[in-house]
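Below you will find the structure I want to go over with you.
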Amino acid sequence: MAIAMTLLTLALLPFVAALAIALLHGAPRIVHLGIAGAASAAGLALLASLAAPALGGDTPFARWDWVPSLGLDLTLMVDPLGWMFGLLILGIGLLVVIFGHSYLHENEDTGRFFASLMLFQGAMLGIVIAGNVLLLLVFWELTSLASFLLIGFCQHKAEARQGARMALAVTGGGGLALIAGMVLLGLIAGSFDLTTILARGDMVRAAPLYPLMLGLILLGAFTKSAQFPFHFWLPHAMAAPTPVSAYLHSATMVKAGVFLLARLWPVLAGTELYTVTVTSVGLVTMIFGAGVALFRHDLKSILAYSTISQLGMLVMLLGFSREAAVLAAMLHILNHAAFKAALFMSAGIVEHETGTRDIRRLGGLAKAMPVTALIATLAAASMAGLPPLGGFISKELMLYETIAFSSPNAVWLLPALATVGATFSVAYSLRFAAHLFAGRPREAEPFARAHDPSPAMWASPALLTAFAVLLGLAPMWFAAPLVSAVTAAVTASAPAPVELGLWHGVNLALVLSASAVAVGAALLLQHRRLLAAWEAARLPDAGRLFECVLALADRRARKAMVAVHAPSLQRMLLASFAVTILLVIEGALTGGGVLTGARAGLPASLPAIAAWALLIAATAAVALGSRDRLRALIYVGVIGLVVSLAFAVLSAPDLALTQIAVEVVTVLLMLLALNLLPKRPPVLSSAPRKARDAAIAIAGGVLFGAIAWAMLTRDPGPSIAAFHLANAKPGGGGTNVVNVILVDFRAYDTLGEIIVLGIAGLGIFALLDTAGKGAAGARLRAWRADMPRSPERHPVMLVTASRIILPLTLMVGIYLFLRGHNQPGGGFIAALVVAVAFLVQYLAAGFDWSDARKPFGEHQLIGWGVLVAMATGLGAMAPGSPFLTSWFDYFSLPLIGKFELASAMLFDTGVFLTVLGAVMLALQELSHIAQATARPGGEEAP
Amino acid sequence: MSGAVPFAELLAAALIVLGAGFALVGSWGLVRLPSLMERLHAPTKATTLGLGAMLAGSVVWFQLVKGEWTTHELLVPVFLFVTAPIAANMIAKVHLHALRSGDASAPAGPAGAPPPPPGRADWATHEAPHQGTPCDFEGDERR
Amino acid sequence: MTRRLLPHPGLSALLAGMWMVMVNDLTVGTLFFGLVVGVAVPIFTAPWWPGRPRVRFLPALAYAALVVRDIVVANVEVAAIILFKRNRDLRPVWLTIPLELSSPEAITVFAGTISLTPGTVSADLSACGKFLLVHALHASDPAGEIAKVKARYEVRLKEIFHA
Amino acid sequence: MLEGALAFGFAGLGLALAMNLWRLVRGPGTADRILALDTMVINVIGVIVLAGIAGGSPAAFEAALLLAMVGFVGTVAYAKFLLRGDIIE
Amino acid sequence: MSYEFLLATAIGVLVAGGIYLALRARTFQVVLGLTLISYAVNLFLFASGRLVLNRPPIWDAAKGGAVSAYTDPLPQALVLTAIVITFGMTAFMVILSLRSFLETGSDHVDGEAVPCDAQDGLADGLADGEGAAP
Amino acid sequence: MNLADHLPILPVAIPALAAPAALLVMRRRRELAVGIGFAATLAQLAVAALLMARASGGTILAYAFGAWPAPFGIVLVADRLAGLMLVLTACLALIALLHAVVTRADRKGWHFHPLFQFQLMGLNGAFLTGDLFNLFVFFEVLLIASYGLMLHGQGPARLKAGVQYVAVNLVGSALFLIALGMLYALTGTLNMADMGLKVRALAPADQGLLRIAALLLGSVFALKAAAVPLHLWLVRTYAAATPAVAALFAIMTKVGVYALIRVVPQVFGEGAGAAAWAPAPWLWPAALASVVIGFAGVFTARSLAEQAAYAVIGSTGTLLIAVAGWSAASLGAALSYLPHSTFTTAALFLVADVAARRRGSFADAASPGPEFAGRGLAGLMFMAAAIAATGLPPLSGFIGKLLILKSAAALPQWGWSWGVILGTTLIGVIGFARTGSAVFWKTNAASDTPHPPETRRDLLAPALALACLAALAAGAGRASAYADAAAAQVLGPARSAAAVLAEGPR
């Protein structure tokens, strides 16, 4: 339990610190430093407390459930590998925090800086102590995100933003490959638990998907560790503040890839595919990085390419799949961490003091800043692999391993190439030290400013350099126990005693090493000439290439997307219709069956055929001759008439009534709208487009006609309607079964339906209420009648007749409403009839006259209608029945006789009110805006 | 009652035939008469009357043959007789309006263009109604 | 008070009667409900029918009977014209009928009657309200036609509407 | 007897509808088309009435009544549109 | 010819006309097209109860509750709901098209400004020229 | 029945009462309408949580309207899936409502609060119903309300987009009705559980019609879900809508996905003859294409709102990849990812609004503008939303995507699914990084003076959305267990049919 809490605290500490710093964003910078430093130090202490069990083989371990169904658990463990990386992350992290405090200027946003840094630290630490590969992935991607924030810290600088994006794209992209690889690994191994997976190496390597999985995981590792050809993000990442670079290059981020290779060594390593791929990528990267580093001028850029090269070396060593090579790699990780962090900090000091990082402008700084010079020179010597420094030992081991590993066919090749890499390393390392500190100052200005910083700033690199020196002088003290334990952990073998030392006698490795130093020094002497040749070669820059490809992709993709997604309704509908037609054809062909069923047809009467001809002619006229819009509306009226007739004849009186009533309201609406729309707009579509649309239309028509035919010629099976027919009267209290369905069996549908209508009314109101303002208002005010008008507004006969028509129609409405439950009619139809009755008044006597006499508000009608319908439904719940349970009974009164009262009638009243309100609202508002056009302009007759 | 049935049926059948005949004549007039004003005569009257006859046939049929008490069919012709003249009036106004505004698709027909009314006023379709006349419905307050 | 309760008594009676016809039911209950409708609806619609034309009922009924008769008889004439008269023999003509009626209701009924009775259609009213434009399908004697219409219908309507 | 009358009625109304169609398509004026539609509505009412008689069911009455009302409103609205543009003013 | 044939072909013709119009460039035409499609849809939904003459779904004591004595009432109820909903949607669409036309000065379905007829009352009456902006 | 038995109706009844109430008071007392809106939304959240709790045990609550027994009347079915959708809707609604009120978007036009409640009523009704026609009706309710909300605030862009949105959905509704008609003609029933039983008995002669109906219905739902190529309507609509509304619309495409999940296994599942899993072979490629198009749009977008709209397509596509697997694992993964996807797109729209409200004339265009107040925090929020949208850790999208990848691995052609999901994630990362750095990092010295934000409270709603994502990540274990159980329930329609059809007679 204590272990579990320790692990959890260890894992959470950096995140808590990051959050605390973010929350205390406005506090003095010392607070930020304090929190970050304390968290790192506390983490180190916790890690130290775990040293004994972790290195002693009793791996501290804790597990909490997170997403069991996925296999993602919060498993934390600190094995020797994790412990060593944790040490680097927290130790160098602490030093970076201290250094960063001095490095950052007064006005810089330390809150954001330290919060991001701690987030990064937490993510990195998470990777190394994760005991579940999915959890590892979580932290892995987090490092990409945190590094995005850190690299882009100087948001105003273009290169910072670009570098951040590039790092995110490359490492994030690799991370996605890693996700795929890890999930595959887990699926192959049957578990996402790291310990379990590591125990199933043979099983994994034998799996058919092993090559794919390996490729994906390596992609993740290589991108993170900046292996060629994914290296280019790393030099761009130097846009980050230098302390970050120090951290990124020495202990975090790039080391994550190496860590991953080490972590999964027991499952991945050993196959030929693994060995060949990893070794060659590492080797190429080592030589490439070292070569390029020789010709960079920015101090951080030199160091960045050096990092690429050094990481190539580590990767190559891990690729050998040999225990001894792993040991070399682990030792070099320590060395590299120490000298690289020191070097970056030194570069930071130089920049901080001189204002430049361009090595061509600097020189002879040893005089001005001796302490810095000493620190940097020692660190560079370690990087060059010079004795008696730590770098020398690991480079010796590396060269030794290349010899040991060499294939029998080309014994010389690998050691030779490795030596080339080592030679370049010597050259750029020496250049870093020599050109910076030795000789004379190349430019006066930076030199004039230069002096050693305060100890607070050089303490961190000094400490690291001291460590690098001690690693060389006393490797058995400072490295051997740890490296031995870590190597055992990586290779999943028992810890073996390790011999580390500066002197192993004269062997081939020493010879190669010595020649590398000699040739490297020689190269440095010829640097000017080499540089000229290099610059003449003008090799392509992968980073720039990446940007170009992205920009090109963006342009092309944008063009294509805009072309495809032009906001064209025609295209949207075309897609819908085409998909529909395609699906109908597919369904018919795949499903099979017969087109014409066995049901006997009903012979049609002569008027039916005539009406059918009317409908077809009217449809054709609307479709083909719709330029005269009023005429098109008249044809639509004909279609509506025929449809109404069809309903009336085919035993659907309610439908006929509804269709008739809706029809006229629709016509009124369309006419009102058409008044303000162009009456005869120009033709827009081209002939081919019309032909294409016609083809689609005909295909759709034929298919849906055929479906209708297939449906109509089949006999119906048993239907739930039988229940409705049987229960309408006894259970629902009404003889009009359609109405009983509407207000009882399926009253809930009707509730939704009236709400739709009510909302439509409100929406229409909202649309038209603002029509008098803005551009629309300007247009309305500038509106001129587009056809000659008769000056007579209210014809006498019409007005007079409308006065008698109103009460007559209202009476019909009342009649239709009251009998709806038993005979054709009902609230909806009644509402439309009443609405028409009022609309006739508007038509005849005009808007103002009629509107002033209207006794109701449409909003209120809609609101109360819905409430009444809802109340009817809720009323049923009081006696404990479900919502919308109906109630009815028969009563008898003297004189009046027997009559029925039903809750359905109340529900229908709600329907009536809502429908009336919505219809009146729509038409009334529409005519209202037409009034706005007519009023100020007065009469006009062009 | 048994003697009444054939008569009732005969009456109903006759009304139906008569009604359909008038409807047919109305629509035929619509087709063959020379211009809109002439055509207007046919459907507004013949067709309406035809429908009335058919509805009367329906009343007779249900009343006497099926023994069902129905009268409400009669409301349909009543309604039509109220509305048909108004509809005809409005269509005629449209025609006059088109004539005056020179719409090529509305030729004057054999009766020519209507002469203006005596006095200073024009027809209401061409001139706003004078204040205070029965044609002025701008506001009842003034009436 | 009666004015408030029964703004148009004739209308109320008409509605109650039509209710009975519409419901197909001649019971007391229906009559009661018809009366309720007949009273309630006019009250509700009163604002839309300002003024209160005074109508003589019996002459109105007689007039209605006359018109129905005319419709039936004269329709046959029009049918004959449509069926048998060639277009070139047709003598359509515009008639300008001077009006002696003044209330909108009376003018409307007059014009409506002219339209319903075959051979003539009321096309327009003059802006001053004093002339009615009528289209005759076939009139060899326009002046006689005008006189006939005025005598047969306008005179009666003047009586009915107290004009 | 009644069957014969109904057959005649249906045939007559069918023919009448066809004639209405002719006038509707032919025009020439918009007023002609409105008139054709107006006539058509009355003929359709006739069809509904006859179908009610043929089927022995009076349920078609409401449709006939409503159609009579609504046909009128439609005609007036079309006409008003041609006369004034704005049908409700 | 059977009613079934007439109805099926009518549905087909309405669908074809509706699709063709819906693919045109003017909101008014699109509204008409959608109206035609909704006619077709209502008829189709109605047809799912099959066609029956003279047996309206009005319960009749003489006929009792036998299924064969009536046409299927359920599709009728569904069509009723559909008609109402379609009406609301169509009304909204009409007003929206009009409103969009007023705002943008174009009745093109995409709101693009397209030159209108000279007789078009709204197109050239605008003082501030906003309608001409692409 | 006691009150607890009425629980399933409350998610519909509460907004159905609140909306007209808000309508009736809003003309005079605006604050009262706001209060009604919040109270109703909170009440819905509470009810939804109760329903979810009751459903989580596996019981299926069936509520028969009017006491008419299924399949003759309409039933509500509150199962795990419904519970999930209801809770999700209520949470999202609260966030959207908060943003609307805080940014005063609710005052920019008429009827915001009534429409908002009607919208919720439509959504809740659609998620609860067990009846296919009733599903149509509530689709229409939510659509018409969405038209009103989409146009809220008006202006040419919204009006233009609105015309298209409405027209496309009218076509969708027409297709829905046609499919419904065919299914009723074939099965004689509208209750989905009953229909699922009836389709098994159809004659061979009817199989073609049945399959057509299944495919048409599938295409309607795909249209709502904006699956490529039926996605064209979405971008302009969502980008133009008021941000608070766009945030609420994050649930709208999920309605289509929900309908597929609800209807296909129940009606067109095993034993449905030619219609068995009929939409599946079309859905999967459409889903892949949606993901590609969606993230290509994220990559090329020139404004944050446009980017968010494309992210909707991409994330719904990802969801549909999982749905198209139709296995318990893949459906479970889909249901785990669904809430995440919803909150994410909401957060994107809201953060875009936060930026737009502060950048003056630059609005949310992905080009450098003025340095504005609260840029750091807004930028972090955008980053978090982008992390969620691309499915990177530590937010819940990562877990959802892992679940989808894992479940897809068991299916043939898993490589395509994996490749597309992961490849588009990279494209998305690049796209978000670019717009984010342009809007929140880069500044344009030549730009006009920044708007001081009238309120910093507009950060509240996006923060809440992000908090939901964090909570989803933290509680991912329970969430995915619930999702798996819901998926298993959906895929076992026999038990659900038994529960629904066993409702006693009246």
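Going in written order, the chains are labelled A, B, C, D, E and F, and every chain counts its residues from 1.
The definition used in the following text is that a contact is a pair of C-beta atoms (placed from the backbone, for glycine too) under 8 Å apart; a residue touches a chain by one contact, two chains touch by 3 or more.
As the structure is a prediction and not an experimental result, all values here were calculated from the model.
Engineer: Note the shortest touch-path length, in steps, from chain E to chain F.
Structural biologist: The distance in steps between these two chains is 1.
Engineer: If you apply the touch rule, which chains end up adjacent to both chain A and chain D?
Structural biologist: Both-contact set = B, E.
Engineer: Can you tell me which chain lies farthest from chain D, using the average of the Cα atoms as each chain's centre?
Structural biologist: So the farthest one, by centre of C-alpha atoms, is A.
Engineer: What is the identifier of the chain with the smallest separation between its Cα mean and the overall Cα mean?
Structural biologist: It is chain F that sits nearest the middle.
Engineer: By mean C-alpha position, what chain is farthest away from chain F?
Structural biologist: The most remote chain is C.
Engineer: Report which of A-B and A-C is connected by more C-beta pairs in contact.
Structural biologist: A-C
Engineer: Find the geometric centre of each of chain B and chain E from their Cα atoms only, then give the gap between the two centres in Å, rounded to an integer.
Structural biologist: Distance between chain centres: 30 Å.
Engineer: Which integer distance in Å separates the CA centroid of chain C from that of chain E?
Structural biologist: The separation of the two C-alpha centroids amounts to 38 Å.
Engineer: Roughly how far is chain B from chain D, centre to centre by C-alpha average, rounded to an integer in Å?
Structural biologist: Distance between chain centres, rounded to whole Å: 12 Å.
Engineer: State, to the nearest whole Å, the distance from the C-alpha centre of chain C to the C-alpha centre of chain D.
Structural biologist: Roughly 22 Å, centre to centre.
Engineer: By residue number and range, which residues of chain D touch two or more other chains?
Structural biologist: 10-11, 13, 15, 17, 20, 30, 34, 51, 56, 59, 65, 69, 76, 80, 82-83
Engineer: Please list all residues of chain E that touch 2 or more other chains.
Structural biologist: 22, 30, 40, 42, 44, 47-50, 53-54, 56, 58, 74, 81, 85, 88-90, 92, 96-97, 99, 103-104, 109-110 - these are the residues of chain E that touch more than one other chain.
Engineer: Which residue numbers or ranges of chain B touch two or more of the other chains?
Structural biologist: Counting only residues that touch two or more other chains, chain B contributes 21, 26, 28, 40, 42, 48, 70, 72, 75, 79, 82-86, 89-90, 93, 95, 97, 124-129, 134-135, 137, 140.
Engineer: Would you please name all pairs of chains that touch?
Structural biologist: Contact pairs between chains: A-B, A-C, A-D, A-E, A-F, B-C, B-D, D-E, E-F.
Engineer: Going by the contact rule at the top, pick out the chain F residues touching chain E in the complex.
Structural biologist: These residues of chain F touch chain E: 133, 137, 140, 143-144, 147, 151, 154-156, 159-160, 162-164, 166-167, 170-171, 173-174, 177-178, 180-182, 184-185, 190.
Engineer: In the complex, go through chain D and note every residue touching chain B.
Structural biologist: 1-2, 4-6, 8-13, 15-17, 19-20, 22-23, 27-32, 34-36, 38-39, 42-43, 45-46, 49-50, 52-53, 56, 58, 61, 64-65, 68-69, 72, 75-76, 79-80, 82-83
Engineer: Considering the complex alone, what residue numbers of chain A touch chain E?
Structural biologist: Chain A residues touching chain E: 566-570, 573-574, 577, 599, 601-604, 608-609, 612, 615-616, 619-620, 622-623, 626, 629, 632, 636, 639-640, 642-643, 646-647, 649-655, 658-659, 662, 665-666, 669-670, 673-674, 676-682, 684-685, 693-694, 696-698, 700-702, 704-709, 711-716, 719-722, 724-729, 734-738, 741-742, 746, 749-750, 753-754, 756-757, 759-761, 763-764, 767-768, 771, 774-776, 778-780, 782-787, 822-824, 828, 915, 918, 922, 926.
Engineer: In the complex formed with chain B, which residues of chain A make contact?
Structural biologist: Going by the criterion above, the answer is residues 788, 790-799, 801, 804-805, 808, 845-846, 849, 939.
Engineer: Using the touch rule from the top, collect the residues of chain D that touch chain A in their complex.
Structural biologist: 10-11, 13-15, 17-18, 20-21, 24-25, 30, 33-34, 37, 40-41, 44, 47-48, 51, 59-60, 62-63, 65-67, 69-70, 73-74, 76-78, 80-89
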